[in-house]
Amino acid sequence: MIAELFLSGIVVWLAGAMASLALWRQPAAARRVTCGAALAGSLLDLAASAAAIFSGSPAVIGLPFGNPVFTWAVRLDPLSAYFNVTLAVLAAAVSLYSFGYLREMEGRRNLGAFGFFFNLLLLSLALVFTASNAFFFLVAWEVMALSSFFLISFEHEKEKTRNAGVLFLIMSHAGSGLMLIAFLVLASASGSLDFSSFHLLASRMPALQQGVVFLLFLFGFGVKAGLVPLHIWLPEAHPVAPSNVSALMSGIVIKTGIYGMARVFFDFYGAPPVWMGTVVLAIGVASALLGVLYALMEHDLKRLLAWHSIENIGIILMGFGAALMFRALGHGNLAALALIAALYHTFNHAMFKGLLFLGAGSVVQATHTRNMEKMGGLIRRMPVTALCFLVGAVAISGLPPLNGFVSEWLTYQALLAGFGTTQSLTRLMFPIAGSLLALTAALAAACFVKAFAIPFLALPRSAEAAEAREASFPMRAGMAVLAVGCVALGLGATWFVRVFDPITQQALGVRASSALVMARGLALSPGTAHGGTISTAGIALIFLLAGAAFAVPLAMRWSRRSVKGPVWDCGLPGLTADNEYTATAFSKPLRMIFSALYRPRREIQAEFEVSPHYPSAIRFESEIELTFEKRLYGPLRERIMAMANRMKGIQAGSINVYLAYIFITLILLLLFGVRG
Amino acid sequence: MLLVVLLLVPLAIATASFYVRPRKAMEAVNLVGFGILFLVAVGLAAQVLAAGTVSFANSFFYADSLSSLVILLTSSVALVCSTYAIGYLRDDQQSGALGDNFSPNQQVGQLRMYYTLTPLLVFSMMFMAVANNLGVMWAAMEATTLASIFLVTFYGKVTSIEAAWKYAIIGGVGLSMALFGTVVAYYAGHRLAGSDSLSGLNWSVLAKHAAQLDKTSMRLAFVLILLGYGTKAGLAPMHTWKPDAYSEAPVPSAAILSTALLNCALYCLIRFYILTSRCLGPDYPGHLLLLFGLLSMGISVPFVLVQKNYRRLLAYHTIDHSGIMATALGLGGALGSLGLMLHMAFHTIAKSLLFLCAGNVYQHFRTDQFSEIKGSVIRAMPLTGMVFLMAMLAIIGMPPFSLFQSEFLILRAAFDGGHVLTGVLFVLFGTGVFAGALIHVGGMILGPGGDKPLAAPRPWRNGSLLALAGALVVIGFWVPAPLLELIRGAAHVVSGQ
Amino acid sequence: MMERLIDRMIENVTQLFLLLALAPLVTGVIRTLKARLQTRRGPNILQPYRDLGKLFRKGMVIPETASWIFAATPWIVFFSTVLAGLMIPMVAADAPLGLFGGVLAVIYLLGLGRFFLALSGLDSGSSFGGLGSSREMTISALAEPAMMLAIFTVAIGAGSAGLTEIAGAAIGQNWRFLAPAQMFAFAALALVLIAETGRIPVDNPDTHLELTMIHEAMILEYSGPYLALIEWAASIKQLVLMTLLINCFWPVGLQHTWFGFGALQGIAWLLAKLLLLSCAIVLLETVNAKMRLFRVPELLAVAFTLGSLALVSTFLF
Amino acid sequence: MKPFLDMQLGDRIVTLMAALVLVLQIAMVTQRWIVVHIRIFAAQSLFLAMIAATIAWFNHAPHIYAAAALTVVVKVILVPILFERLVVRMKIHEEIEPIVNVPISVVISGGLTLVGYVVAESFYRPEMPGLGHNALAVAISLFLIGFFNMINRRKALTQVLALLSLENGLFLAAISLTYGMPLIVELGIFFDVLVAAMVLGILVYRIRETFESMDVSRLRRLRG
């Protein structure tokens, strides 16, 4: 049954891809087919994987195509199923959204090609999460990379877009090269390519080999997940893609890296040495902090969101790192807690980041710019979008009672409990990581105050923003689905954690949820000694009751006594959009405080007419330096290119030289090759 | 019997198109002839699949699944290219690219040269593939060089003469080394069967008694052979002629040279590799092959990275891939040989497709510099652009296209065989080439589009383009069972298992 | 079971009452003491109540540029603060609403309030609001890690993150806070408290000097009942943080559970300790001048260092 | 007739002539005048034919006579005539300076001869009839020196000649090691050599036409 559902989902996606390619001459039809197929496929996939999480034995499905040399098969075990559910929910919402979003492009762009790659992306994602052997996994992985590449460079007439796409594909390919090596090392040890044969295999290998394979996987998947310092492609590639694609990219595509790590760390490795967990934890902290710090300086709405993806991946990795360390130290329950925190946050991030990107998409479509400084006041023009975006912003800032808070709370608990697990110095890592997580979360909140307030509140800062129009119904519906998801995952935490039982069972042999749920499902507890409890549902309930009991009636009474009035503007003639605080101004204090990292460059040009004290016009421009691009990748690229140019001297055109190459080779071989 | 037909058909084509007058007739002769040749090759493949080996004239002609695979690939490439050539040369004739201020007669003469030399080239490749006697095999190989020189000078430009000269001289030296190697191999084995007896150089005989061959001589022989046929295969550092020759020859010929002829050179290498490894054990030839294979892959990276000319880019790709195949041969074993044979087949399809795409682009834009095209291909010629990009992605080993599978096999052979360094370098160079190719070709095809008008429809060229593209896509998901059988058979011949 | 629930109800109501009632008082006390220390007569201790009452009776001016965020914020701030207040142990060790959340919930609920406050600051479009929001978010973000470290330390000492357990573990050993770890943590948390409650030297709650104000700038556009709500919430927040500080580190007189007489005793102790802490704050405020905004990070860096010292010393001692 | 069946004598003759061939090869390296160059090549090929004949006589291997005859026809008569015609038509007389000047070239050639002996030395089999290893050493040396000569020359035609002389080395190896390849192979090889010579001749002529010179060091347009 599961198999049939899953296969039919695959087939629907495939058919959708082909059909929309065939229909590339009729944009409207292509659009409908694309989104319809994507939606239907997602729903089928959702049904299949939701059932698969709880079905005792993983469903193994052989695919009808593929060549005899390799087997193309998928396996739906709880872990795969969980990621598939994430994919399916997000994909459903996004395809719903796309019904409206793509209408803009009709006639101006080749929607057939778009639909082809869009469905292909969903298809390959589902296969990546379920592939049951290394070869097929890599095939699915690269198909995913390819289709994302074409979707990213969909607007390929812009050079920035092209470069972003190419950068993405190259880095992704380098990453899969590392994975390829690691997989082949495992395969040569096990004699088979099947994941089932890798189970706990890595831990049986010699220590050095174990470590190398671990690092290969970490960086191989890390490229896709956007770990610092392998992240540079992400803030380039995600913003330039069409927004519904960005939602998929940030929401689920980078999660394939997370899935790969989960698969490797908790399936291939038994109890890894402690240092592995430490490394993962450290990298997680670095990614989280740097991601949010760079996000704060961003005024391109979509780039800002992209940087936040790096931050959240970092948070997820903190959970993984803690889980690995606990496992190494032999604390199964804590490991389960940390793993749950990480996976929970994975799902949550898919929800709110998808939501935020869809919201950004609506805004960008309405205002024709990605620059926040040119938006403003949109909450009146597009209320629904604003509300959805607000929900996403609250959720991603980890504020109660929404889903972001729950998973971050679980992460805190894991880190808190970690201190007691060992006597060695490594235990200091947990509190440090915890406090930096707190910093990250607070900065994220600051960043989303900016990201919501600047575009949506106060007065419009440009003509486009002034006559922005609310997104079409399908787009609003798509966003609403995800917003509801955020709320549900927040309030229904105690219900949702049960989903993880099969996964932790499979990965760690522990069923944790019963320990996590307290007070008849009203509250959530970390399951450790005295962890304290949390009840998002309760908090929300109290808010509702209090609101209904006091806020509404009182507000109505007071509103009779309230008048609309102008804003205090120091007596100057009237407030205009120019008086408003800009995003740049908002992030100014942090830019100064962290200037060691940003190395900001600013230039101010003022034109004076009457007197040097009253400039008639001031042009302010400030930009920060992206350290890794400038210090690490730039020099690397230049060095390689310089070397290549020098190598060109080999082919200088003189036939005598060419002959000399052969001659020397011949002599050398005669002297050393032949006589052995 | 089929073996002889296989040789007679191309000869017949050559003579016919040498004597018929009008252009259309020559085209028809070529098209039909190569069609027949393809059928014959398929028939031969069927026979081989049934009987294992086919031999004729007391095994002067001899074909096993290895040679039959090479023949099949060669004939199919020849067929596709002859189809493509019709459209291509007509275009050349109209645009006066055949040589400025040529009279119509001279132009037809040019065409005749092409339509006569190509079958001759094919003929010598066929001969090489069915010859059992290593000496004859060498002679046939030399003949391929001689037949193709004037294809390189086809356009009579200064550069094409230069390219032809380098091709001729370097090829000549290489082949004389190969001949030397053959002589030494003969010496190593001439005491088995009495000297001066013809069968003393027969591969089938030598392979049977490979163990008794004189070891020292085989060492020397293999080195010379490796350098010799390696030159034809374009292994570094004997590769220098390739970019010049490929970028100057007319595109269909370039396609044939870079696929079919490469296969032939590798075929000769494989034959001797089998002898040597049976005589000295796989390590000695294996390590030498790995050395040259990795060197070729490595050397192609910088040239791909900073390449300005897309036809030369393709040439360096061919060098890269001959390196890959040499590595696969060096790794040997069941996996390595299977990977090698699959890769040979897949590469033949993808690379010829690439050259045909390059031909389309060249004839539309009349330049082979990336900088002058700048991302207007997809707009000016959508079909070609799409196929070009696809084929490029395929050739740099992107799934779901088939080359990924063969390279995966080869890599697996490397790691299973404990050649970790080889595997790592393989991946490293692969990534380098990937980056270079993607940057350049991506930048050439995708983009805002220029002033160039939409290209006119070109049935002959795009027809063959689509045929190959279809094959390329399909073969990634499904290889016809008999073909796979043939490939497996060839792999068995190589690995001797 | 049933009566347990009823007990809880009573506890909650009591603590709610305490919060609402005490908060303005604490503010008043601090103001008066400060005035006296500066040898001014200063306002009456009960002045804050009067202010609130007056504001609640007044009408209000809503900026025409503002959106519904502006109207929603006071409620969210008020409710979240009160909710946080119910999660901390005031009178007895077990916080009435402990089930709904521990210290993390408290911090994040206050964070929720701050988030909306900052939004409303930007909502009106006045540049003061933006200025205030920007500074508020910056400072609180920088305060966060120090606070978290201190809490971690305390939690590690008590072997729990639940405030009930923390306080409970502290009961009885009244001099435990003399342990270096506790001292450092206390100092760190105290600094954070100053930053969070917007007191000198970080912010001056009494100023309306454009360029120096932070919290006041955010709420510049508010008037009437909404302003009252926000001010009230601010003083409740102050009370909550102060209580948190004293009950976690110096639980003298803190009861294990709520029962008749003990509760009264607990309240008495609470008042006493609050008074003490207020004096300390007043002292601090009078001897210090307000810092420049860009010196504040240094202060918080000190707090962070103290926090990490506390952590390390739990490791050492 | 006794002495003429004595292996010893045969060995002496072969070795002597091989040595002469080697000398001629080195002479070719030093040579500047193209016409003389061609003639030396002819002479060398003639000696080779004689070696072949000797071997055929002493080993009663009649098919080697055919090889000898072919050598005479192709390399002593046809190719030289062809090339001298070419020289006359293109009115070229003198080779410009070789890349490495003459004395050093000679030294290098000596070194290459040494290499040849070093390589061949591992092939020495006492149990085998004497015509073997010495000739192989010479053959390898011929090959290497011819190769070096190709690198060393700038004029297209001389490169072709060097290539052919290098093939002479092959021929020597073939007949002295294995008493010649099977006849059909020999036929194939000679046919190829002839065609190659003609093809290369035509190429040389076209180079001369397009570049107004035969200097291959000008063929440097194709780079990178």
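Note that the chains are named A, B, C and D in the order they appear, and that numbering of residues resets to 1 at the start of each chain.
In this section, a contact is a pair of C-beta atoms (placed from the backbone, for glycine too) under 8 Å apart; a residue touches a chain by one contact, two chains touch by 3 or more.
None of these values were measured; they are calculated from a predicted model.
Colleague: For the pairs A-D and A-B, output the one whose chains share more C-beta pairs in contact.
Modeller: Top pair by contacting C-beta pairs is A-B.
Colleague: Could you work out how far the Cα centre of chain C sits from that of chain D, in whole Å?
Modeller: Going by mean C-alpha positions, chain C sits 101 Å from chain D.
Colleague: What whole-Å value do you get for the distance between chain A and chain D if each is reduced to the mean of its CA atoms?
Modeller: 70
Colleague: Averaging over Cα atoms per chain, report the distance between chain A and chain B in Å.
Modeller: 45
Colleague: I'd like to verify one number: the distance from the centre of chain B to the centre of chain D, where each centre is the average of its C-alpha atoms, in whole angstrom.
Modeller: Roughly 31 Å separates the two chain centres.
Colleague: Where in chain D do residues touch at least two different other chains?
Modeller: 119, 122, 147, 150, 216, 219-222, 224
Colleague: Quick check on chain C: which residues sit in contact with 2+ other chains?
Modeller: Residues: none.
Colleague: What residues in chain A touch two or more of the other chains?
Modeller: If we look for residues of chain A contacting two or more partner chains, we find 648, 651, 655, 659, 666, 670, 674-675.
Colleague: So which chains end up touching which?
Modeller: Pairs satisfying the touch definition: A-B, A-C, A-D, B-D.
Colleague: With touch defined as at the start, can you tell me which chain A residues reach chain B in the complex?
Modeller: These residues of chain A touch chain B: 65-70, 135, 138-139, 142-143, 146, 153, 156-157, 162, 165-166, 169-170, 173-174, 177, 180-181, 184-185, 187-188, 640-641, 643-645, 647-648, 650-651, 655, 658-659, 661-662, 665-666, 669-670, 673-676.
Colleague: Note which residues of chain A are touching chain C in the complex, please.
Modeller: 377, 379-380, 394, 397-400, 405, 409, 412-413, 416, 419-420, 425, 427-428, 431-432, 434-439, 441-443, 445-446, 448-449, 452-454, 456-459, 518-519, 522-523, 526, 529-535, 538-539, 542-543, 546-547, 550-551, 554-555, 558, 561-570, 575, 577, 579-581, 585-590, 592-593
Colleague: Spell out the residues on chain D that touch chain B in their complex, using ranges where they run on.
Modeller: The contact residues of chain D facing chain B are 61, 63, 119, 122-123, 143, 147, 150, 156, 159, 163, 166-167, 169-170, 173-174, 177-185, 188-189, 191-192, 195-196, 199-200, 203, 206-207, 210-211, 216, 219-222, 224.
Colleague: Can you list the residues on chain B that touch chain A in the complex?
Modeller: 165-166, 169-170, 173-174, 177, 216, 219-220, 223, 227, 231, 237-238, 240-241, 243, 284, 288, 299, 301-303, 305-306, 338, 342, 375, 378, 393, 398-400, 402, 404-405, 408-409, 411-412, 414-416, 418, 420, 423-424, 427-428, 430-431, 434-435, 438-439, 442-443, 446-449, 477-479, 481, 484
Colleague: Across the complex, what residues on chain B touch chain D?
Modeller: So the residues of chain B in touch with chain D come to 133, 135-136, 138-139, 142-143, 146, 149-150, 153, 158-159, 161-166, 168-169, 172-173, 176, 179-180, 183-184, 186-187, 190, 195-198, 200-201, 216-217, 220, 243-244, 247-248, 303, 306-309, 312.
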